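Look for chain A in each of the two complexes below; its partner is chain B in the first and chain C in the second.
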Partner chain A sequence: MDERFGLALVGQSAIQKIFPNHWSFLLGELALYSFVVLVGTGIYLSLFFNANTGETTYAGSYQPLQGVRMSNAYASALDISFETKAGLLTRQVHHWAALIFIGAIVVHLARVFFTGAFRRPRELNWVVGITLFLLAIVNGFAGYSLLDDQLSGTGLRIGYSVLISIPVVGTWLASLIFGGEFPGTDIIPRLFVAHVLIVPLLIMVLIAIHLAILVKHKHAHFPGAGATDNNVVGERLWPTYTFKAAGLFFLVFAVEVALGGFAQVNPIWLYGPFAPQNVSSASQPDWYMGWLEGALRLMPPWETRIAGFTIPNPFWAGVVPPGVLFGLLYAWPWIEARFTKDHAEHHVLDRPRDRPVRTALGVGVLTMASVLGFAGSDDVLAVAFNLSINGLVWTFRVLLFVGPLITGAIAYKVCLELQRRDGPLVDPVLVAQASSNGEGGGGSPGKVPPSPEPAEPVPADP
Partner chain B sequence: MAEGSVPPPRRQRGERFPAALLALAVLAAIGFAVTYLVTSNNTQLMGLFASLGLLAIGAGMIVWAKRYMTPPHPEVEPRGRLASTEDEVEAFTADFEVGEFEMERRGLLTKLLGAAIAATGLAALVPFLSLGPKPGESFKKTKWTNGKYVVNEQNERVHTNQVGTNAVLTVFPENEVGNALSQALLIGLRPNELQVVPGRETWTPDNVAGFSKVCTHAGCPVGLYQAQLGYLICPCHQSTFNVYNACEPIFGPAATPLPQLPMAVDTEGYLLSTGDFSDPPGPGFWDQDRPG
Partner chain C sequence: MGERRKVALFVALAIGATGALLVVRGPAEAGQSGGQGDPSGTAGPGATATQSSTGSNRGAADGALVEGGRQLFLTSCVSCHGVDGFGGPDGPNIQTAGEAGADFMLRTGRMPMAAPSPQPPTKPPAYNDEQIRQLVAYVATLGNGPAIPEIDTSRGSVQKGSQLYLSNCAACHNSAAVGGAISYGRYAPSLQQTAAQQVGEAPRVGPGEMPTFDARAISPSELNDIATYVEYLRKPPNPGGANLGYTGPVAEGFVALLIGLGILVLVIRWITRESGAGSVKEAHGKVPVPAPHVKTARDAHPATTVGEAEANG
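What follows is the complex of A and B.
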């Protein structure tokens, strides 16, 4: 093989790659490994699932639904859950892996944001990452909407209504995607193709780009232990990093299988087949849809009419907030560079405390999203704690705007306090540049002399 | 890498733990396969063995890496430069300009090539219109027409005496059971409490009113009825409609009332519609108020 491809040379440079060591750098890996689990379990499930809306009468082993008319899609999802051996296990592992996948993406995104890892030269990889986040949400929603149970039908109904609320093109989009009116018979097979082929393919391509850019840039690292903008300090790809990363993959897989084995998730047999005139109250979407659901619930009953045309309420609550959020996320590296006038290349990460304004902003946005998420369960909360829905809605409306101010201010104060405890304010970039003067960036990776204080905080200039 | 070729005895002892973990993984894998083969479909037991095995492999690898593969000091690699040097940029530009020059020299061909590719790309999008019909009347009109019998979910005609005071019943136009946009709710009204909208005086025969069941917010079926208050509540985002006041929204995000179904009774007392809903039912859209 080597004679044909010269593998030794490529391999040599690859296994010498250095990966910095910090727990927060594993968050993206959690997402990656969950995606691997999703693909594996998804392939198994796709061999049994029948994405067809033709009607059948259920004759499986789940008694309460025997004799009920339902779609083939829902019936095959029931069969996976009750008839196929290891089917329920795989289905639940798949669902848990999806919940963890998106969760890990959010936390990874937060890490990248709070440490300024999106700054030059990593702006484009940030854009790739945000797109992956978006696709993950889309595919999660498509996945649980496929099964044609009452919950998924309700979610699709709301999605359809949000779609037609878009000015000018809304009804066209809805008609093309659903093949006509809601619900129609086209949407389930189309969602299936999107869920198992189109979106996963896009995700795979983008993951490949995400990682290729990462390899090209080399991983950013925290200040301290000799880390500068001109080097990478950490462990070699082979064997140390490989073993730890592969070990982590198996741990992630283990947790997801344990959840799939013991924690029931999306028990579709309890929801029944979808019929447009039925709805189960207190039906809750998957967690990553909660903030959208919350926005729909908190929106006051406004509808805009201009010159005989209507902009319906769901547009303001269901299209504008995610549009604004993702718009800001995409543009953030350039927005921040504009304010800080910092267009330099950075490989040493910020500690969140050293960038109090950015940290406060991030905390504020997370607070907003959480308030919306809780608002998405206001009916459940009302029943559980015996509160009035009206009171809850108003509380959440106030919290939505006051909450971020409070948590943002607290985050800002905490940053300053932490800085004060560090002693004299240290700009990690300056320290990094100062300490990089000594090293000229030698040839192959060498060893750094043990730093007296390898961990943060960065020691001030002696 | 930093390991000597002859492991000292201390390391031998340290090997036992990861070895036990990896051996456990082998046993767990066997346990999983056996569970699959011999039990009927024991999700918990299969999950237990599978997760135990995966956990053991993961832990084994990490323990191994921590004990034997971690160098005493972190290692350092230079980052190198990301941007190209001026010479490299120049060399590239020079090579590139050979082709660019040719394209500039034949400007007409270049422009036509661009136009050809753009036109082909746009033309390739047109077939996607096959995905669905042009949105039209179906967004505004339902299957209710003059003289359609009102039926329940079993497609049986509904008599007014089947809808007692304060009762609700989900109905459809005859032979259209399950039609999402046509679904309606019959409500047994308490006599003389309804504030009648001018023009709808005859729409509630025998104190039975019909309203669209499709929430005007985001289309969920408005399924909960608080009979004493006369409130219809949508379970999705809690929009609440006051039945006795023309189903005007009084809470939640819905901005428009549930449209009313004009009804009459035939000679035997069976309900039928005398036309379509008072307004297009369901959630709003851009040109909902435009004729046709």
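What follows is the complex of A and C.
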């Protein structure tokens, strides 16, 4: 039967692929399936959304805004929420899926980082992955800004002020993107095109490349009996893995639909239409931008002058940190190889404990980002825990630098302690393999737990 | 509304069950997985009973009322606000606080202040309605202050109120009136429990850090609209489900990461759990059985390799 279809021939080799069985290898899939949910719900929403900033008078069923002048964009978002069939549910599933999408990307990225899965030959796929992360953030922000409610306008205004803070090109860049001064009438239609077409298309193409490279390289696996740099130990793609993957897709969808059905997200009707002179307390970006908001809030109001130019404050908080972070992320495979002088191919993953320096660095960076994220919510935390905002700001300023040192040091210690508990090498296969590969330049002793189970990574943050 | 949520639950459960079914490939375990949501979406902010006094004692200051107020003032207030409300080291001059100021301070429980603090907290009122009216009448005689505004939320407009509220009050009190932080430990309190009458008085009084809005900034009818909208915000419809405390993206982020992603991580741990027999060691060297649960491993070098180990490179 199969032989009749040319497809079977292509499929044949794919079907015999092996996928190692470890939970952390499915984190990327959580992101992938969330993306599928986002595309599905997004298509439905785009049928009803009107990205026009022209004014209209609201006449829908949400009572407190009846008769209020607002943009078509905001009015159509209200109509999606109150008039369209399953509109609010779809909007909420879309929003929750976006929040989970980027969360899954971050934990997937962390898994790849802590296990050294970015090493040769996977550097290129790491770069693709970081780009996907970046695009996901950009598209999330675009979606958040699209609805033209008070919260999204507040976010856009901050984005605008960060843009114009870039020396020399900032003003030009900002007026190019916004089509003039903030807020202007061009930005929402442009964001719409970016949000529903350009960025998703880029993401799709990059996901295809990401997966194609993955198939080409085959999946890396954790050390364990039988696992070497020359093979992949795991389950067959068909049928075991395929069933699991399909099941996982439905479970991701289910969790996101449940959240969308039971937890209110982004109640734009409460925020009101965007008016440049208005603002509300607890105006935060979505969580994945929280660290940037935090940087802006923690940055002291210093004025810097370099070569006669005054550098506005938002530059130091809004442009430099993401620039440095993403620069480091992109370059990391090469930076690390330079330090470890390990340029060999790797298909067996590191256990985080075996690379204490890398693990400590990663934990430190995550700590820093978390401190910034909390700093971005300082007013909400102040109310929730009855604290002084100014006290919080100073606490976070100190924690920003001290926190990573502490958590990094703890992570380092924990790694060493776990290594010590593992005892000496036990698996003869791996001992043989380790010596035949001539690896070890990386400072990894290649220790392996006595159990045949693949090792689990050390919890990142004790 | 409840209908929509039921549909969502049904859809989530159905999809979740399908997923679970696919994972376990057996009918036995279906149904008990998938979407968990908490159905408590209706929990609105508890509204307290409102006790409001309209300025019934306006104009002709009832002598007995004022005298009663003076007595109370001398026992409870003079220590801080001084004789005739002239002020002292522990309290400001309140001669121009007016009826509105006194009524607001007393009915929100701010006065009498127990101890000096950066911001008097909102408490249950220390006096009964009669005593409050006496004190209000007395404070009104001390100087020229704002009268108690007439608030009647049955006549107000939520539409105008929402726009006025969003442009004048939300910056500090939050668009859902749950309050917000101001610098140095001061905060704009939640208005969810505040009686409409006091919501109307506060802008005229301008307590603490809050600016004063006189009749030129907010007309009497606009004031009534604002109070009407704030009252509406106590029980807004929440068509989307649980309101997460109206703290916006911060709460949403925690829910997405801790609950949404958290559940999904548990899910992937569940579907990758070792299924007993098929451990790697066992399969070593045997001819791999193509049963889905069995995993085999072998080095790639032998040309005869079939099954679950794949060569790299």
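As a convention for this text, the second predicted complex is superposed on the first by the 416 of 462 C-alpha atoms of A that agree within 3 Å, B and C clash if a C-alpha of one lies under 4 Å from a C-alpha of the other, contacts with A are read in each partner's own complex, and residues count from 1 in each chain.
Throughout what follows, a residue touches a chain if its C-beta (ideal position, glycine included) is under 8 Å from a C-beta of that chain, and two chains touch if they have at least 3 such contacts.
Predicted, not measured: the structure shown is a model, and the values here were computed from it.
Annotation: superposed three-chain arrangement on chain A; chain B versus chain C shows a clash. Judged by the touch definition given at the top, the superposed model places A:L296 against chain B, while chain C stays out of reach. Of the two partner chains placed by superposition, A:F385 touches none, neither chain B nor chain C. Of the two partner chains placed around the shared chain by superposition, chain B is the only one that A:T171 touches, whereas chain C remains out of contact. When both complexes are overlaid on chain A, the residue A:G226 reaches chain B and chain C alike. In the superposed pair of complexes, A:F339 makes contact with neither chain B nor chain C.
Touch criterion met: A:L26 reaches chain C, while chain B stays clear of it. With both structures placed on the common chain, the touch criterion links A:S283 to chain B and to chain C. Residue overlap on chain A between the chain B contacts of one complex and the chain C contacts of the other covers 16-18, 21, 82, 86, 88-89, 92, 217-218, 225-226, 229-236, 239-240, 243-244, 246-255, 257-258, 260-262, 275, 277-283, 345, 347, 378-379, 389-390.
Residue ranges of chain B in contact with chain A, taken from their complex: 1, 36, 40-41, 43-44, 46-48, 50-55, 57-62, 64-66, 69-80, 82, 128-129, 131-135, 138-139, 153, 170, 172, 178-181, 183, 213, 217-221, 223-224, 235-239, 249, 251-256, 282-290. Within the complex formed with chain A, the residues of chain C that make contact are 4-5, 7-9, 11-13, 15-16, 18-25, 33-39, 41, 158-159, 161-163, 166-167, 170-176, 178-185, 187-188, 229, 232-233, 236, 238-244, 246-257, 259-261, 263-265, 267-269, 271-272, 274, 279-281, 284, 290, 292-293, 295, 297-301, 307-313. Residues 16-18, 21-23, 25-27, 29-30, 63-68, 81-82, 86, 88-89, 92, 95-96, 99-100, 103-104, 107, 150-151, 217-218, 224-236, 239-240, 243-244, 246-267, 270-272, 275, 277-287, 290, 345, 347, 377-380, 382-384, 387-391, 452-453 of chain A touch chain C in their complex. Residues of chain A touching chain B in their complex: 16-18, 21, 82, 84-89, 92-93, 121, 154, 157-158, 160-162, 164-168, 170-172, 174-183, 186, 216-218, 225-226, 229-236, 239-240, 243-244, 246-255, 257-258, 260-262, 275-283, 293, 296-303, 305, 308-314, 317-318, 345, 347, 378-379, 389-390, 393, 439, 441-443, 445-450, 454.
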